[in-house]
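Each structure below appears as structure tokens.
Each of the next two complexes has subunit A plus one other chain: subunit B in the first, subunit C in the second.
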Partner chain A sequence: MSANANAVTRQRVDGATIVCLQGEVDLSWSQQVRRAVLDAFADGVPVGVDLAGVGYIDSSGIAALVEGLQLGRARGQRFALVAPSDAVRAVLELARLDRVFTIVDSAAAVGAAT
Partner chain B sequence: MNSPQPERIATAVVEPRRRDTGALVFLADLSRSLAVSLDLRQTLTQAITRVRDFLEVEGIALFLLDPASQVLECQVSAGPIDVTGMRLAVGQGIVGQALAQDATQIVADAGSDARVWRGSDEASGFVTRSLVCAPLRTAAGPIGVIEIVNRRDGAPFTAADAELLELVAAPAALAINNARMAGELLEQQRLKRELDLARHLQKSLLPRRRRDGFPVLGVNRPAHEMSGDFYDYFELTDGSIGFLIGDISGKGLDAALLMMRAASLLRWIGKERLAPAAWLARANEELCDSAREGRFVCAVVGYCDRAARHVRFASAGFPPVLVHSGGQYRQYLADGPPLGIVREAQFTEHALALDGGTLYAFSDGATDVRGSDGKPIGMAGLLALIQRHAQATPKARLRSLLGELRRLHLVDDTTFLLIEAAQVERPQLLFSDRMPARADAMRGLRTQLRAAFDREALEPRLRDELVLAVDEACTNVIRHGYGPACEGPLEVRATRCAAMLTLEIIDEAPAIDPATFKPGTLGECRCGGLGIALIDRIMDDWHIEPAETGRGNRLVLRKHIEAWASEEAEES
Partner chain C sequence: MDAPAPLIEVTRLDAWYGRRQVLFGVDFTVRPGEIRVIMGGSGSGKSTLLRHLLGLQRPAAGSVRLFGVDLGRASERELLGVRRRIGVSFQGGALLTSLSVGDNVALPLREHTDLDEATIRIMSRLKLEVVNLGGFQDLMPSQLSGGMVKRAALARALVMDPRLLFFDEPSAGLDPVVSAELDELILRLRDALRMTIVVVTHELESAFKIADTITVLDQGRVLLTDSVAAVRAADNERIQDLLNRRPREVPVDAEAYLRRLTEERA
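And now, the complex of A and B:
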């Protein structure tokens, strides 16, 4: 498991806002993650959450992603998960949410996702 | 078949007299019949008769090389003289030379060629005028020779005849080689089946593990398919327990078979309740009668009471018996020779009080294990290992010992017998920690838990799920148990009992009504509900109860671990 420090960054890639998460998403940090995901919708463009660098996620982190999904639907903005790590995929599968989210391989695909 | 191309090839290799017979059609048909043949010998007999007529020769013979004796033997023949069964050395005659040189031999005029072996003609009265021998080639070298003798039109053989014979030889070689390989494969499979059966039979001789407070425990790890080690224990009518452990010199199937004989012999003598020294002496006489040359048996035999207070034993050439009692380790060296070597050998009995201590007997595989420096760890290395695990229950101790030895390099069969007063099987503590119920303590907890599960060799995916379950349970306490303002302690424990993993999360928060603590539907994805749903999915069962201290809650998560169950089954 990564000992990486938790970090959240935001950037524009091909007309989409990408929130890039690094580290372990648990209760100590999930409120900030939630805020960052919801704030990303302010630009009015598709939103992606890059999870390639996330070594651990618990239900509080998953809940933040679910909120993003719901907000995207309410506002008519696309919302996708980008390249989730194996650890994240395992928890999504366990929560039976792996087919609820749109999952893409790269940030560039978020703006193009249909 | 009537396309012009085959005709062109046939023209190139065949003389005018055979042009019209369609050499390629004949060869294709021959190859096919050889390839699909189920009974190669019969097919070959028919095939060479057809080849003889096709080539318009008087005689034809097919020789195969016996790889072991390096003799060529005629397998099938067709012609005026039956040469089936004729044997030639490699290099003998034209047939032998074709094989030795792996090259086609043409003899235009046999009467004037000194290489021709005349033994056959002299015996039969047949006159060999001209002959061609072509090797049967495979990737691994020639496996035989095909020979044609005397053209029917009386002309000497030419290079074109030789080329045609080579074309016939190719599919014949392929078919014979395939048939041989298929035969070898069948033989290998048969041997493997028999070996599997022998291994199962051998394993079935080992006693089943007793769980009802029995003081004797054994394990055996064969280094190869068959083991030369054995152990056994049995109850006598007076309530005492007989035990034995042994090791056959040498390896392989005959050692394994002797092991079966020695094991049953020692068991039956032991049931007669002879004193340990007499027990060994009797077995020695029997084995001197029957053990094959160079094979012998090292063994320790003895008795103990069910409470393992007293033990008496005798040793025949076996590695030292180790007794750990009152903080001291003592070694008891063998005082008799191995069994099956000298008649009327004498053995000495040791009788001692175990007093809550432990007796270890082990085959030399345990000390011959190679350490990181490549040298055997020896008695000192084994003692250090035993010492390291001395606190564990006997079963867990043997498991850890074997595990450590296996991580080093097992070079020989390894067998342990352990005698110690049985205790009630108590759970093995895998992890225990106490921390403040704060979100920022979770990362450290997860790291430690992963390490604890890794020590138990849990598969990574399962390990991560279990860590998630504990994290979700703790998070629940942090969010809902203590509430946002006040903090309290959190205790996490992981224990193993047989194949059951129990995870406990204990808090000092106000008591929770268990009825309110249930998984939410995943569809609605309430945060707290999702965490409990994950726990529900990961664990076999869980419940919440008031903590034993009377203050707080104890959440108990349980899961049956498949890998541990098969480990247990393997040990029993």
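And now, the complex of A and C:
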């Protein structure tokens, strides 16, 4: 088990909506994560998902991120992953998704990401 | 810190086929994050051990625990809980011939979860990407080569993100390049997904490349469980036979042999 409890929160940072995930994202609550990611687009601004506090992510969690990317493209809103932990990065690289997502170092960079 | 609890704990396991004992007091422990290779020649009992680890056979004596659950005593519900956390890639692939590759891979998600169909589609296609079969979801199994069948079966075994993956003879029947790619993939899976992996193989080269630890089985007994280096250096004669591919001397118990040939209830 991770030291961090599982949690998803949302905040506004420099004109972008940031969904912050904590803990271990797996089948047990990834549908909740999916909802949170998709709902974040409602504000009509760039969306970032902060993954710095995620110790494990399974493919249902990755699927939620892929759907976010897809929705962002469809709506013409930027979508970026923020500071993915090493654990998240390893999973992205396994599926070569590190070359598909926009990845930025900080929430402040989401609004500016290209 | 204490060492993490073992994911697999087999204690004093005996197995029989009819009157013939095929496993003798096997002890077998695997810790989280480990890649364990079970090695042994034909008839060494490695497939029988695997069948017990998967709960497909009940122990005649001894116990098999996965995730702390005693498979021989578990309720149906507990067994289902264990099965959802393991993935199995069988030697022959065992794809359903009437389903497309994509539907084969998605099958466990459709059976065991109530995930949204969009999530299921992405998850199963992701796994096809991981095994280098991206875009092949609409093909039928009959259209795949042997190596592709094996990789599709691996994608299906991975689709539920199992914490524990069993892989039966990953390189059997594959050309050396594909086989080396699969070995590489097994290592990456462990590192990226923190999987614990048990591989049954008689391919030495593959075993030495991927294993953290190796269990050598011979005629139903564990000869040795140790690191790759220790197994290579072992002075046990049977292990050296195995490493050097020398044929073994089969001991004959004349009485038992005669009984097997002649008794009505064998």
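Please note the rule applied: the second predicted complex is superposed on the first by the 113 of 114 C-alpha atoms of A that agree within 3 Å, B and C clash if a C-alpha of one lies under 4 Å from a C-alpha of the other, contacts with A are read in each partner's own complex, and residues count from 1 in each chain.
To be clear about the criterion, contacts are C-beta pairs under 8 Å (C-beta built on N, C-alpha and C of every residue); 3 or more make two chains touch, one makes a residue touch a chain.
Source: prediction; values computed, not measured.
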item	value
Clash or fit, subunit B versus subunit C on superposed subunit A	clash
Partner chain(s) touched by A:A74 [first = subunit B, second = subunit C, both, neither]	neither
Touched partner set for A:D26, first subunit B, second subunit C, both or neither	both
Which superposed partner A:E93 touches (first subunit B, second subunit C, both, neither)	second
Touching partner for A:S60 - first (subunit B), second (subunit C), both, neither	both
Set intersection of subunit A contacts, subunit C complex versus subunit B complex	26-27, 56, 58-60, 62-63, 66, 87, 90-91, 94-97
Complex contacts: residues of subunit A adjacent to subunit C	26-27, 30-31, 34, 56, 58-60, 62-64, 66-67, 87, 90-91, 93-97
List of subunit A residues in touch with subunit B within their complex	1, 24, 26-29, 56, 58-60, 62-63, 66, 87, 90-91, 94-97
Subunit A partner contacts - residues on subunit B that touch it in the complex	438-440, 442-443, 446-447, 450, 461, 464-465, 468, 471-472, 475, 478-479, 522, 525, 527, 530-531, 533-534, 537-538
Interface residues, subunit C side, partner subunit A - complex	113, 115-116, 118-119, 122-123, 126-127, 129-130, 159-161, 188-189, 191-194
